[in-house]
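We just call them A, B, C and D in the order they show up, numbering each chain from 1.
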Amino acid sequence: MFVTTKEIEVRYAETDQMGVVYHANYFIWMELGRTSFIEGLGYNYAEMEKDGIISPVIDIQATYKKPVRYGEKAIVKTWVEEYDGFRVTYGYEILTQTGEIAVIGNSKHVCVKKDSFRPISIKRMFPEWHAAYENAKKQNNAENV
Amino acid sequence: MFVTTKEIEVRYAETDQMGVVYHANYFIWMELGRTSFIEGLGYNYAEMEKDGIISPVIDIQATYKKPVRYGEKAIVKTWVEEYDGFRVTYGYEILTQTGEIAVIGNSKHVCVKKDSFRPISIKRMFPEWHAAYENAKKQNNAENV
Amino acid sequence: MFVTTKEIEVRYAETDQMGVVYHANYFIWMELGRTSFIEGLGYNYAEMEKDGIISPVIDIQATYKKPVRYGEKAIVKTWVEEYDGFRVTYGYEILTQTGEIAVIGNSKHVCVKKDSFRPISIKRMFPEWHAAYENAKKQNNAENV
Amino acid sequence: MFVTTKEIEVRYAETDQMGVVYHANYFIWMELGRTSFIEGLGYNYAEMEKDGIISPVIDIQATYKKPVRYGEKAIVKTWVEEYDGFRVTYGYEILTQTGEIAVIGNSKHVCVKKDSFRPISIKRMFPEWHAAYENAKKQNNAENV
(Lines give C-alpha, C1' and ligand atoms only; values in the text may rest on other atoms or scores of the structure.)
Protein backbone atom coordinates (compact mmCIF):
# COMPACT_ATOMS: atom_id res chain seq x y z
CA MET A 1 0.00 0.00 0.00
CA PHE A 2 1.34 3.42 -0.95
CA VAL A 3 1.12 5.59 2.18
CA THR A 4 3.02 8.81 2.82
CA THR A 5 4.02 10.12 6.22
CA LYS A 6 4.20 13.81 7.08
CA GLU A 7 5.47 15.18 10.38
CA ILE A 8 3.63 18.15 11.87
CA GLU A 9 4.93 20.46 14.58
CA VAL A 10 1.91 21.63 16.59
CA ARG A 11 1.53 25.42 16.50
CA TYR A 12 0.40 27.46 19.48
CA ALA A 13 -2.06 29.19 17.14
CA GLU A 14 -3.68 25.80 16.49
CA THR A 15 -4.73 25.27 20.09
CA ASP A 16 -7.94 26.56 21.64
CA GLN A 17 -8.98 27.19 25.22
CA MET A 18 -9.55 23.45 25.79
CA GLY A 19 -5.74 23.32 25.79
CA VAL A 20 -5.64 21.04 22.74
CA VAL A 21 -5.62 21.43 18.95
CA TYR A 22 -8.90 22.97 17.71
CA HIS A 23 -10.84 20.29 15.84
CA ALA A 24 -11.06 22.09 12.48
CA ASN A 25 -7.28 22.51 12.33
CA TYR A 26 -6.77 18.80 11.76
CA PHE A 27 -8.30 19.34 8.31
CA ILE A 28 -5.38 21.66 7.55
CA TRP A 29 -3.02 18.89 8.56
CA MET A 30 -4.88 16.54 6.21
CA GLU A 31 -4.21 19.11 3.47
CA LEU A 32 -0.49 18.89 4.32
CA GLY A 33 -0.73 15.11 4.19
CA ARG A 34 -2.39 15.34 0.76
CA THR A 35 0.27 17.71 -0.59
CA SER A 36 2.95 15.36 0.63
CA PHE A 37 1.14 12.33 -0.86
CA ILE A 38 0.93 14.03 -4.27
CA GLU A 39 4.63 14.85 -4.06
CA GLY A 40 5.23 11.21 -3.18
CA LEU A 41 3.53 10.29 -6.49
CA GLY A 42 5.92 12.67 -8.26
CA TYR A 43 3.43 15.51 -8.86
CA ASN A 44 2.92 18.99 -7.52
CA TYR A 45 -0.46 20.46 -6.68
CA ALA A 46 0.77 24.08 -6.87
CA GLU A 47 1.91 23.48 -10.46
CA MET A 48 -1.48 22.06 -11.41
CA GLU A 49 -3.19 25.22 -10.19
CA LYS A 50 -0.99 27.27 -12.49
CA ASP A 51 -2.73 25.42 -15.37
CA GLY A 52 -6.04 26.87 -14.14
CA ILE A 53 -7.26 23.65 -12.50
CA ILE A 54 -8.15 23.49 -8.81
CA SER A 55 -9.23 20.54 -6.72
CA PRO A 56 -11.90 21.51 -4.19
CA VAL A 57 -13.07 19.20 -1.42
CA ILE A 58 -16.60 17.86 -1.94
CA ASP A 59 -16.86 15.71 1.20
CA ILE A 60 -14.74 15.58 4.32
CA GLN A 61 -14.98 13.71 7.59
CA ALA A 62 -13.02 13.26 10.82
CA THR A 63 -13.33 11.09 13.91
CA TYR A 64 -11.44 12.27 16.97
CA LYS A 65 -9.84 9.69 19.27
CA LYS A 66 -7.22 11.56 21.29
CA PRO A 67 -6.33 15.23 21.59
CA VAL A 68 -2.99 16.52 20.34
CA ARG A 69 -1.24 19.26 22.31
CA TYR A 70 1.18 22.12 21.75
CA GLY A 71 4.77 21.06 22.22
CA GLU A 72 4.11 17.70 20.57
CA LYS A 73 4.77 16.45 17.08
CA ALA A 74 2.12 14.59 15.09
CA ILE A 75 2.28 12.34 12.04
CA VAL A 76 -0.22 12.40 9.15
CA LYS A 77 -0.47 9.20 7.13
CA THR A 78 -2.19 9.62 3.75
CA TRP A 79 -3.30 7.17 1.08
CA VAL A 80 -5.84 6.84 -1.75
CA GLU A 81 -9.05 5.12 -0.71
CA GLU A 82 -11.00 5.43 -3.95
CA TYR A 83 -10.41 6.82 -7.43
CA ASP A 84 -12.59 6.66 -10.56
CA GLY A 85 -10.92 9.02 -13.04
CA PHE A 86 -12.95 12.00 -11.79
CA ARG A 87 -13.06 11.83 -8.02
CA VAL A 88 -10.34 10.85 -5.60
CA THR A 89 -10.90 9.98 -1.94
CA TYR A 90 -7.91 10.23 0.38
CA GLY A 91 -7.75 8.43 3.71
CA TYR A 92 -5.86 9.88 6.68
CA GLU A 93 -4.60 8.74 10.04
CA ILE A 94 -3.15 11.32 12.38
CA LEU A 95 -0.91 9.83 15.05
CA THR A 96 0.43 11.34 18.26
CA GLN A 97 4.19 11.30 18.76
CA THR A 98 3.84 8.11 20.78
CA GLY A 99 2.09 6.42 17.85
CA GLU A 100 -1.47 6.48 19.15
CA ILE A 101 -4.30 7.30 16.74
CA ALA A 102 -5.49 10.86 17.36
CA VAL A 103 -7.76 11.38 14.34
CA ILE A 104 -8.95 9.35 11.39
CA GLY A 105 -10.58 10.91 8.38
CA ASN A 106 -11.07 11.07 4.66
CA SER A 107 -11.79 13.64 1.99
CA LYS A 108 -13.23 13.41 -1.52
CA HIS A 109 -12.07 15.80 -4.25
CA VAL A 110 -12.85 16.65 -7.86
CA CYS A 111 -10.82 18.71 -10.29
CA VAL A 112 -12.53 21.78 -11.72
CA LYS A 113 -11.62 24.75 -13.90
CA LYS A 114 -10.73 27.67 -11.66
CA ASP A 115 -12.79 30.23 -13.56
CA SER A 116 -16.01 28.21 -13.94
CA PHE A 117 -15.84 25.51 -11.20
CA ARG A 118 -16.75 23.03 -14.02
CA PRO A 119 -15.48 19.49 -13.34
CA ILE A 120 -12.83 18.04 -15.61
CA SER A 121 -11.71 14.45 -16.17
CA ILE A 122 -8.39 13.79 -14.46
CA LYS A 123 -8.02 10.75 -16.69
CA ARG A 124 -8.24 12.83 -19.88
CA MET A 125 -6.55 16.06 -18.74
CA PHE A 126 -3.71 14.61 -16.65
CA PRO A 127 -3.21 11.04 -18.00
CA GLU A 128 0.09 10.47 -16.17
CA TRP A 129 -1.33 11.65 -12.90
CA HIS A 130 -4.30 9.36 -13.57
CA ALA A 131 -1.95 6.43 -14.04
CA ALA A 132 -0.20 7.23 -10.76
CA TYR A 133 -3.54 7.27 -8.88
CA GLU A 134 -4.62 4.04 -10.54
CA ASN A 135 -1.36 2.51 -9.48
CA ALA A 136 -1.65 3.74 -5.89
CA LYS A 137 -5.16 2.33 -5.75
CA LYS A 138 -4.08 -1.01 -7.22
CA GLN A 139 -1.48 -1.42 -4.48
CA ASN A 140 -4.24 -1.11 -1.87
CA ASN A 141 -6.40 -3.71 -3.58
CA ALA A 142 -3.54 -6.16 -3.97
CA GLU A 143 -3.02 -6.08 -0.24
CA ASN A 144 -6.70 -6.52 0.55
CA VAL A 145 -6.81 -9.84 -1.32
CA MET B 1 -38.69 21.28 14.53
CA PHE B 2 -36.48 23.56 16.60
CA VAL B 3 -33.94 25.11 14.21
CA THR B 4 -31.88 28.23 14.82
CA THR B 5 -30.59 30.57 12.14
CA LYS B 6 -27.30 32.45 12.38
CA GLU B 7 -26.11 35.01 9.86
CA ILE B 8 -22.42 35.00 8.96
CA GLU B 9 -20.52 37.80 7.26
CA VAL B 10 -17.78 36.19 5.15
CA ARG B 11 -14.32 37.35 6.23
CA TYR B 12 -11.50 38.00 3.77
CA ALA B 13 -9.28 35.89 6.03
CA GLU B 14 -11.63 32.94 5.44
CA THR B 15 -10.99 32.80 1.69
CA ASP B 16 -8.13 30.95 0.05
CA GLN B 17 -6.50 31.28 -3.34
CA MET B 18 -9.40 29.45 -5.00
CA GLY B 19 -11.24 32.73 -4.39
CA VAL B 20 -13.82 31.06 -2.12
CA VAL B 21 -14.14 30.18 1.58
CA TYR B 22 -11.52 27.59 2.61
CA HIS B 23 -13.32 24.31 3.29
CA ALA B 24 -12.21 23.91 6.93
CA ASN B 25 -13.58 27.34 7.84
CA TYR B 26 -17.16 26.14 7.44
CA PHE B 27 -16.59 24.07 10.59
CA ILE B 28 -16.00 27.32 12.45
CA TRP B 29 -19.33 28.57 11.13
CA MET B 30 -20.96 25.36 12.39
CA GLU B 31 -19.47 26.21 15.80
CA LEU B 32 -21.20 29.60 15.59
CA GLY B 33 -24.42 27.85 14.62
CA ARG B 34 -24.07 25.55 17.64
CA THR B 35 -23.42 28.44 20.02
CA SER B 36 -26.48 30.17 18.68
CA PHE B 37 -28.58 26.97 18.95
CA ILE B 38 -27.58 26.52 22.59
CA GLU B 39 -28.51 30.14 23.29
CA GLY B 40 -31.79 29.44 21.53
CA LEU B 41 -32.41 26.70 24.12
CA GLY B 42 -31.73 29.23 26.86
CA TYR B 43 -28.24 28.02 27.78
CA ASN B 44 -24.73 29.35 27.39
CA TYR B 45 -21.75 27.22 26.41
CA ALA B 46 -19.18 29.68 27.82
CA GLU B 47 -20.87 29.43 31.24
CA MET B 48 -20.73 25.64 31.16
CA GLU B 49 -16.97 25.75 30.59
CA LYS B 50 -16.59 27.86 33.73
CA ASP B 51 -17.90 24.80 35.62
CA GLY B 52 -14.92 22.81 34.31
CA ILE B 53 -16.89 20.94 31.64
CA ILE B 54 -15.98 21.11 27.95
CA SER B 55 -17.71 19.58 24.98
CA PRO B 56 -15.22 18.32 22.38
CA VAL B 57 -16.22 17.13 18.92
CA ILE B 58 -15.88 13.38 18.44
CA ASP B 59 -17.12 13.16 14.84
CA ILE B 60 -17.64 15.82 12.19
CA GLN B 61 -18.60 15.77 8.55
CA ALA B 62 -19.32 18.20 5.73
CA THR B 63 -20.54 17.93 2.14
CA TYR B 64 -19.84 20.91 -0.09
CA LYS B 65 -22.42 21.90 -2.70
CA LYS B 66 -21.62 25.48 -3.65
CA PRO B 67 -18.76 27.82 -2.77
CA VAL B 68 -19.38 30.92 -0.65
CA ARG B 69 -17.43 34.08 -1.45
CA TYR B 70 -16.11 37.16 0.29
CA GLY B 71 -18.60 40.02 0.17
CA GLU B 72 -21.53 37.63 0.69
CA LYS B 73 -23.54 36.76 3.76
CA ALA B 74 -24.30 33.15 4.66
CA ILE B 75 -26.86 31.55 6.95
CA VAL B 76 -26.17 28.60 9.27
CA LYS B 77 -29.21 26.54 10.26
CA THR B 78 -28.64 24.26 13.27
CA TRP B 79 -30.74 21.57 14.92
CA VAL B 80 -30.36 18.44 17.07
CA GLU B 81 -30.25 15.23 15.06
CA GLU B 82 -29.66 12.76 17.87
CA TYR B 83 -29.31 12.87 21.63
CA ASP B 84 -29.00 10.02 24.17
CA GLY B 85 -28.12 11.73 27.45
CA PHE B 86 -24.38 11.51 26.76
CA ARG B 87 -23.82 12.39 23.13
CA VAL B 88 -25.49 15.04 21.04
CA THR B 89 -25.36 15.22 17.24
CA TYR B 90 -26.09 18.57 15.65
CA GLY B 91 -27.18 18.93 12.02
CA TYR B 92 -26.24 21.97 9.94
CA GLU B 93 -27.23 23.54 6.67
CA ILE B 94 -25.22 26.50 5.41
CA LEU B 95 -27.09 28.60 2.87
CA THR B 96 -25.82 31.25 0.47
CA GLN B 97 -27.46 34.64 0.65
CA THR B 98 -29.75 33.64 -2.22
CA GLY B 99 -30.94 30.64 -0.21
CA GLU B 100 -29.06 27.91 -2.03
CA ILE B 101 -27.47 25.11 -0.02
CA ALA B 102 -23.70 25.64 0.18
CA VAL B 103 -22.74 23.03 2.78
CA ILE B 104 -24.50 20.36 4.80
CA GLY B 105 -22.92 18.72 7.79
CA ASN B 106 -23.19 17.34 11.27
CA SER B 107 -21.07 16.99 14.38
CA LYS B 108 -21.23 14.68 17.39
CA HIS B 109 -20.15 15.87 20.83
CA VAL B 110 -19.68 14.54 24.33
CA CYS B 111 -19.21 16.46 27.56
CA VAL B 112 -16.00 15.80 29.48
CA LYS B 113 -14.21 17.18 32.51
CA LYS B 114 -11.66 19.72 31.36
CA ASP B 115 -8.82 18.41 33.50
CA SER B 116 -9.19 14.68 32.75
CA PHE B 117 -11.15 14.54 29.44
CA ARG B 118 -13.40 11.97 31.25
CA PRO B 119 -16.96 11.84 29.84
CA ILE B 120 -19.82 12.96 32.05
CA SER B 121 -23.55 12.34 31.78
CA ILE B 122 -25.33 15.46 30.55
CA LYS B 123 -28.55 13.95 31.89
CA ARG B 124 -27.20 13.71 35.43
CA MET B 125 -24.94 16.79 35.54
CA PHE B 126 -27.13 19.27 33.65
CA PRO B 127 -30.71 17.93 34.03
CA GLU B 128 -32.39 21.08 32.72
CA TRP B 129 -30.14 21.22 29.70
CA HIS B 130 -30.90 17.52 29.19
CA ALA B 131 -34.63 18.27 29.23
CA ALA B 132 -34.14 21.03 26.66
CA TYR B 133 -32.28 18.65 24.31
CA GLU B 134 -34.92 15.96 24.79
CA ASN B 135 -37.53 18.48 23.93
CA ALA B 136 -35.70 19.72 20.83
CA LYS B 137 -35.32 16.12 19.68
CA LYS B 138 -38.98 15.33 20.34
CA GLN B 139 -40.04 18.18 18.10
CA ASN B 140 -38.06 16.63 15.24
CA ASN B 141 -39.67 13.22 15.78
CA ALA B 142 -43.15 14.64 15.97
CA GLU B 143 -42.68 16.16 12.56
CA ASN B 144 -41.28 12.99 11.05
CA VAL B 145 -44.45 11.04 11.91
CA MET C 1 -14.26 62.54 13.41
CA PHE C 2 -15.67 59.79 11.19
CA VAL C 3 -15.36 56.53 13.17
CA THR C 4 -17.25 53.32 12.54
CA THR C 5 -18.14 50.75 15.15
CA LYS C 6 -18.31 47.01 14.48
CA GLU C 7 -19.47 44.43 17.00
CA ILE C 8 -17.58 41.13 17.10
CA GLU C 9 -18.79 37.90 18.69
CA VAL C 10 -15.73 36.05 19.96
CA ARG C 11 -15.39 32.62 18.34
CA TYR C 12 -14.15 29.56 20.19
CA ALA C 13 -11.78 28.94 17.28
CA GLU C 14 -10.19 32.32 17.99
CA THR C 15 -8.99 31.37 21.46
CA ASP C 16 -5.74 29.59 22.23
CA GLN C 17 -4.57 27.59 25.22
CA MET C 18 -3.94 30.79 27.20
CA GLY C 19 -7.76 30.86 27.41
CA VAL C 20 -7.95 34.19 25.53
CA VAL C 21 -8.12 35.33 21.91
CA TYR C 22 -4.90 34.46 20.03
CA HIS C 23 -3.01 37.69 19.33
CA ALA C 24 -2.92 37.39 15.52
CA ASN C 25 -6.71 37.03 15.36
CA TYR C 26 -7.21 40.67 16.35
CA PHE C 27 -5.82 41.56 12.92
CA ILE C 28 -8.77 39.72 11.39
CA TRP C 29 -11.10 41.83 13.53
CA MET C 30 -9.30 44.94 12.25
CA GLU C 31 -10.07 43.68 8.74
CA LEU C 32 -13.76 43.50 9.73
CA GLY C 33 -13.50 47.03 11.13
CA ARG C 34 -11.97 48.21 7.83
CA THR C 35 -14.69 46.55 5.76
CA SER C 36 -17.30 48.20 7.91
CA PHE C 37 -15.53 51.59 7.69
CA ILE C 38 -15.45 51.40 3.87
CA GLU C 39 -19.16 50.54 3.87
CA GLY C 40 -19.69 53.51 6.17
CA LEU C 41 -18.12 55.68 3.44
CA GLY C 42 -20.60 54.20 0.97
CA TYR C 43 -18.16 51.88 -0.81
CA ASN C 44 -17.61 48.16 -1.01
CA TYR C 45 -14.22 46.49 -0.96
CA ALA C 46 -15.48 43.26 -2.54
CA GLU C 47 -16.75 45.25 -5.54
CA MET C 48 -13.39 46.96 -5.98
CA GLU C 49 -11.66 43.58 -6.19
CA LYS C 50 -13.97 42.61 -9.05
CA ASP C 51 -12.31 45.46 -11.00
CA GLY C 52 -8.97 43.67 -10.59
CA ILE C 53 -7.68 45.95 -7.82
CA ILE C 54 -6.63 44.62 -4.41
CA SER C 55 -5.46 46.49 -1.35
CA PRO C 56 -2.69 44.61 0.47
CA VAL C 57 -1.40 45.63 3.89
CA ILE C 58 2.10 47.09 3.81
CA ASP C 59 2.48 47.82 7.53
CA ILE C 60 0.49 46.66 10.55
CA GLN C 61 0.88 47.06 14.28
CA ALA C 62 -0.96 46.16 17.46
CA THR C 63 -0.51 46.89 21.15
CA TYR C 64 -2.31 44.56 23.55
CA LYS C 65 -3.79 46.01 26.75
CA LYS C 66 -6.35 43.47 27.95
CA PRO C 67 -7.24 39.98 26.78
CA VAL C 68 -10.66 39.26 25.25
CA ARG C 69 -12.35 35.95 26.02
CA TYR C 70 -14.79 33.53 24.44
CA GLY C 71 -18.36 34.30 25.45
CA GLU C 72 -17.74 38.05 25.27
CA LYS C 73 -18.51 40.60 22.59
CA ALA C 74 -15.93 43.11 21.43
CA ILE C 75 -16.18 46.39 19.53
CA VAL C 76 -13.81 47.50 16.77
CA LYS C 77 -13.60 51.25 16.19
CA THR C 78 -12.02 52.25 12.87
CA TRP C 79 -10.99 55.59 11.37
CA VAL C 80 -8.57 57.01 8.81
CA GLU C 81 -5.30 58.22 10.33
CA GLU C 82 -3.48 59.25 7.17
CA TYR C 83 -4.20 59.36 3.45
CA ASP C 84 -2.14 60.79 0.58
CA GLY C 85 -3.91 59.61 -2.57
CA PHE C 86 -1.89 56.38 -2.70
CA ARG C 87 -1.63 55.03 0.81
CA VAL C 88 -4.24 54.92 3.52
CA THR C 89 -3.53 54.27 7.20
CA TYR C 90 -6.44 53.08 9.32
CA GLY C 91 -6.46 53.40 13.10
CA TYR C 92 -8.24 50.86 15.31
CA GLU C 93 -9.36 50.55 18.88
CA ILE C 94 -10.75 47.22 20.06
CA LEU C 95 -12.88 47.50 23.17
CA THR C 96 -14.09 44.83 25.56
CA GLN C 97 -17.81 44.63 26.17
CA THR C 98 -17.39 46.74 29.29
CA GLY C 99 -15.75 49.49 27.21
CA GLU C 100 -12.14 48.94 28.25
CA ILE C 101 -9.41 49.17 25.61
CA ALA C 102 -8.21 45.68 24.70
CA VAL C 103 -6.06 46.41 21.64
CA ILE C 104 -4.98 49.49 19.72
CA GLY C 105 -3.46 49.28 16.27
CA ASN C 106 -3.12 50.63 12.80
CA SER C 107 -2.53 49.33 9.29
CA LYS C 108 -1.22 50.97 6.12
CA HIS C 109 -2.50 49.89 2.70
CA VAL C 110 -1.87 50.57 -0.95
CA CYS C 111 -3.99 49.63 -3.94
CA VAL C 112 -2.36 47.40 -6.54
CA LYS C 113 -3.38 45.56 -9.70
CA LYS C 114 -4.19 41.98 -8.80
CA ASP C 115 -2.21 40.43 -11.65
CA SER C 116 1.01 42.45 -11.30
CA PHE C 117 0.96 43.81 -7.70
CA ARG C 118 1.77 47.23 -9.31
CA PRO C 119 0.53 50.19 -7.21
CA ILE C 120 -2.18 52.41 -8.61
CA SER C 121 -3.29 55.90 -7.65
CA ILE C 122 -6.53 55.79 -5.69
CA LYS C 123 -6.97 59.47 -6.49
CA ARG C 124 -6.90 58.85 -10.26
CA MET C 125 -8.56 55.42 -10.45
CA PHE C 126 -11.31 55.88 -7.85
CA PRO C 127 -11.84 59.68 -7.63
CA GLU C 128 -15.06 59.45 -5.62
CA TRP C 129 -13.51 57.06 -3.13
CA HIS C 130 -10.56 59.45 -2.94
CA ALA C 131 -12.91 62.31 -2.11
CA ALA C 132 -14.53 60.23 0.63
CA TYR C 133 -11.13 59.48 2.21
CA GLU C 134 -10.10 63.12 1.96
CA ASN C 135 -13.29 64.06 3.66
CA ALA C 136 -12.89 61.48 6.45
CA LYS C 137 -9.34 62.76 7.03
CA LYS C 138 -10.49 66.40 7.05
CA GLN C 139 -12.98 65.64 9.80
CA ASN C 140 -10.13 64.31 11.97
CA ASN C 141 -8.01 67.41 11.38
CA ALA C 142 -10.88 69.77 12.10
CA GLU C 143 -11.28 68.17 15.50
CA ASN C 144 -7.58 68.32 16.27
CA VAL C 145 -7.52 72.11 15.86
CA MET D 1 24.77 37.53 16.65
CA PHE D 2 22.62 34.60 17.75
CA VAL D 3 19.98 34.11 15.05
CA THR D 4 17.92 30.99 14.43
CA THR D 5 16.53 29.91 11.10
CA LYS D 6 13.24 28.09 10.66
CA GLU D 7 11.93 26.74 7.38
CA ILE D 8 8.21 27.08 6.70
CA GLU D 9 6.21 25.17 4.08
CA VAL D 10 3.42 27.47 2.91
CA ARG D 11 -0.02 25.95 3.55
CA TYR D 12 -2.94 26.32 1.17
CA ALA D 13 -5.06 27.33 4.16
CA GLU D 14 -2.71 30.27 4.71
CA THR D 15 -3.48 31.90 1.35
CA ASP D 16 -6.37 34.25 0.70
CA GLN D 17 -8.14 35.29 -2.47
CA MET D 18 -5.29 37.66 -3.37
CA GLY D 19 -3.47 34.42 -4.18
CA VAL D 20 -0.79 35.06 -1.54
CA VAL D 21 -0.34 34.36 2.18
CA TYR D 22 -2.89 36.32 4.27
CA HIS D 23 -1.04 39.05 6.13
CA ALA D 24 -2.00 37.96 9.67
CA ASN D 25 -0.63 34.46 9.08
CA TYR D 26 2.95 35.74 9.05
CA PHE D 27 2.51 36.37 12.79
CA ILE D 28 1.98 32.64 13.20
CA TRP D 29 5.24 32.05 11.38
CA MET D 30 6.94 34.50 13.76
CA GLU D 31 5.59 32.35 16.59
CA LEU D 32 7.27 29.33 14.97
CA GLY D 33 10.48 31.37 14.67
CA ARG D 34 10.23 32.26 18.36
CA THR D 35 9.67 28.64 19.41
CA SER D 36 12.67 27.61 17.39
CA PHE D 37 14.78 30.46 18.83
CA ILE D 38 13.94 29.40 22.39
CA GLU D 39 14.85 25.81 21.52
CA GLY D 40 18.10 27.17 20.09
CA LEU D 41 18.82 28.67 23.53
CA GLY D 42 18.23 25.23 25.05
CA TYR D 43 14.76 25.95 26.51
CA ASN D 44 11.24 24.86 25.75
CA TYR D 45 8.25 27.18 25.82
CA ALA D 46 5.72 24.35 26.23
CA GLU D 47 7.53 23.21 29.39
CA MET D 48 7.40 26.71 30.85
CA GLU D 49 3.64 26.81 30.41
CA LYS D 50 3.35 23.62 32.46
CA ASP D 51 4.75 25.66 35.37
CA GLY D 52 1.74 27.99 35.06
CA ILE D 53 3.63 30.79 33.31
CA ILE D 54 2.57 32.11 29.89
CA SER D 55 4.20 34.72 27.72
CA PRO D 56 1.62 36.89 25.94
CA VAL D 57 2.50 39.38 23.21
CA ILE D 58 2.19 43.02 24.29
CA ASP D 59 3.29 44.66 21.04
CA ILE D 60 3.69 43.29 17.53
CA GLN D 61 4.51 44.81 14.19
CA ALA D 62 5.11 43.72 10.60
CA THR D 63 6.19 45.44 7.38
CA TYR D 64 5.38 43.59 4.17
CA LYS D 65 7.86 43.76 1.28
CA LYS D 66 7.01 40.85 -0.99
CA PRO D 67 4.17 38.33 -0.99
CA VAL D 68 4.83 34.65 -0.33
CA ARG D 69 2.83 32.06 -2.27
CA TYR D 70 1.56 28.51 -1.85
CA GLY D 71 4.03 25.99 -3.22
CA GLU D 72 6.99 27.97 -1.90
CA LYS D 73 9.11 27.56 1.21
CA ALA D 74 9.93 30.52 3.43
CA ILE D 75 12.60 31.09 6.08
CA VAL D 76 12.01 32.85 9.41
CA LYS D 77 15.08 34.36 11.03
CA THR D 78 14.66 35.23 14.72
CA TRP D 79 16.86 37.05 17.22
CA VAL D 80 16.55 39.04 20.48
CA GLU D 81 16.39 42.78 19.92
CA GLU D 82 15.91 43.92 23.51
CA TYR D 83 15.70 42.31 26.93
CA ASP D 84 15.51 43.87 30.40
CA GLY D 85 14.75 40.99 32.74
CA PHE D 86 10.98 41.45 32.33
CA ARG D 87 10.29 42.10 28.68
CA VAL D 88 11.85 40.52 25.64
CA THR D 89 11.60 41.89 22.11
CA TYR D 90 12.24 39.46 19.27
CA GLY D 91 13.19 40.61 15.78
CA TYR D 92 12.15 38.64 12.68
CA GLU D 93 13.00 38.54 9.02
CA ILE D 94 10.93 36.31 6.76
CA LEU D 95 12.69 35.43 3.51
CA THR D 96 11.32 33.95 0.31
CA GLN D 97 12.95 30.79 -0.96
CA THR D 98 15.13 32.88 -3.25
CA GLY D 99 16.42 34.83 -0.24
CA GLU D 100 14.48 38.05 -0.75
CA ILE D 101 12.99 39.79 2.27
CA ALA D 102 9.23 39.19 2.38
CA VAL D 103 8.36 40.51 5.84
CA ILE D 104 10.23 42.18 8.69
CA GLY D 105 8.78 42.46 12.15
CA ASN D 106 9.19 42.33 15.87
CA SER D 107 7.18 41.37 18.94
CA LYS D 108 7.47 42.29 22.61
CA HIS D 109 6.51 39.80 25.32
CA VAL D 110 6.19 39.60 29.08
CA CYS D 111 5.82 36.55 31.29
CA VAL D 112 2.69 36.38 33.42
CA LYS D 113 1.00 33.87 35.71
CA LYS D 114 -1.61 31.97 33.73
CA ASP D 115 -4.35 32.29 36.32
CA SER D 116 -3.99 36.01 37.12
CA PHE D 117 -2.15 37.49 34.10
CA ARG D 118 0.18 39.14 36.70
CA PRO D 119 3.70 39.83 35.32
CA ILE D 120 6.63 37.96 36.79
CA SER D 121 10.37 38.66 36.64
CA ILE D 122 12.08 36.31 34.19
CA LYS D 123 15.35 37.18 35.89
CA ARG D 124 14.12 35.98 39.29
CA MET D 125 11.84 33.09 38.24
CA PHE D 126 13.96 31.59 35.44
CA PRO D 127 17.55 32.69 36.19
CA GLU D 128 19.16 30.34 33.66
CA TRP D 129 16.80 31.41 30.92
CA HIS D 130 17.57 35.00 31.90
CA ALA D 131 21.29 34.34 31.51
CA ALA D 132 20.69 32.84 28.07
CA TYR D 133 18.75 35.95 26.95
CA GLU D 134 21.42 38.26 28.37
CA ASN D 135 24.00 36.29 26.48
CA ALA D 136 22.02 36.39 23.21
CA LYS D 137 21.63 40.14 23.62
CA LYS D 138 25.33 40.64 24.40
CA GLN D 139 26.28 38.92 21.16
CA ASN D 140 24.21 41.48 19.24
CA ASN D 141 25.85 44.40 21.01
CA ALA D 142 29.35 43.04 20.49
CA GLU D 143 28.71 42.99 16.76
CA ASN D 144 27.29 46.48 16.69
CA VAL D 145 30.51 47.95 18.12
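The working rule: a residue touches a chain if its C-beta (ideal position, glycine included) is under 8 Å from a C-beta of that chain, and two chains touch if they have at least 3 such contacts.
Keep in mind that this is a model prediction, so the values were computed, not measured.
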| note | A student comparing A-B to B-C should find more C-beta pairs in contact for A-B
| message | From the centre of chain B, which other chain's Cα mean sits the farthest off? | response | D
| task | Could you please state the distance in Å, as a whole number, between where the Cα atoms of chain B are centred and where those of chain D are centred? | result | 35
| request: Averaging only over C-alpha atoms, locate the centres of chain A and chain B and give their separation in whole Å. | output: 25
| field | Distance from the mean Cα position of chain C to that of chain B, given in whole angstrom | value | 30
| note | Touching two or more other chains in chain A are residues 12-13, 17-20, 24, 28, 31, 49, 70
| request: Going by the contact rule at the top, pick out the chain A residues touching chain D in the complex. | output: 9, 11-13, 28, 31-32, 35, 44-47, 49, 69-71
| query | Quick one: in the complex, what on chain D touches chain B? | reply | 12-13, 15-20, 22, 24, 70
| task | Spell out the residues on chain B that touch chain A in their complex, using ranges where they run on. | result | 17-20, 23-25, 27-28, 31, 49, 54, 56-64, 67, 114, 117
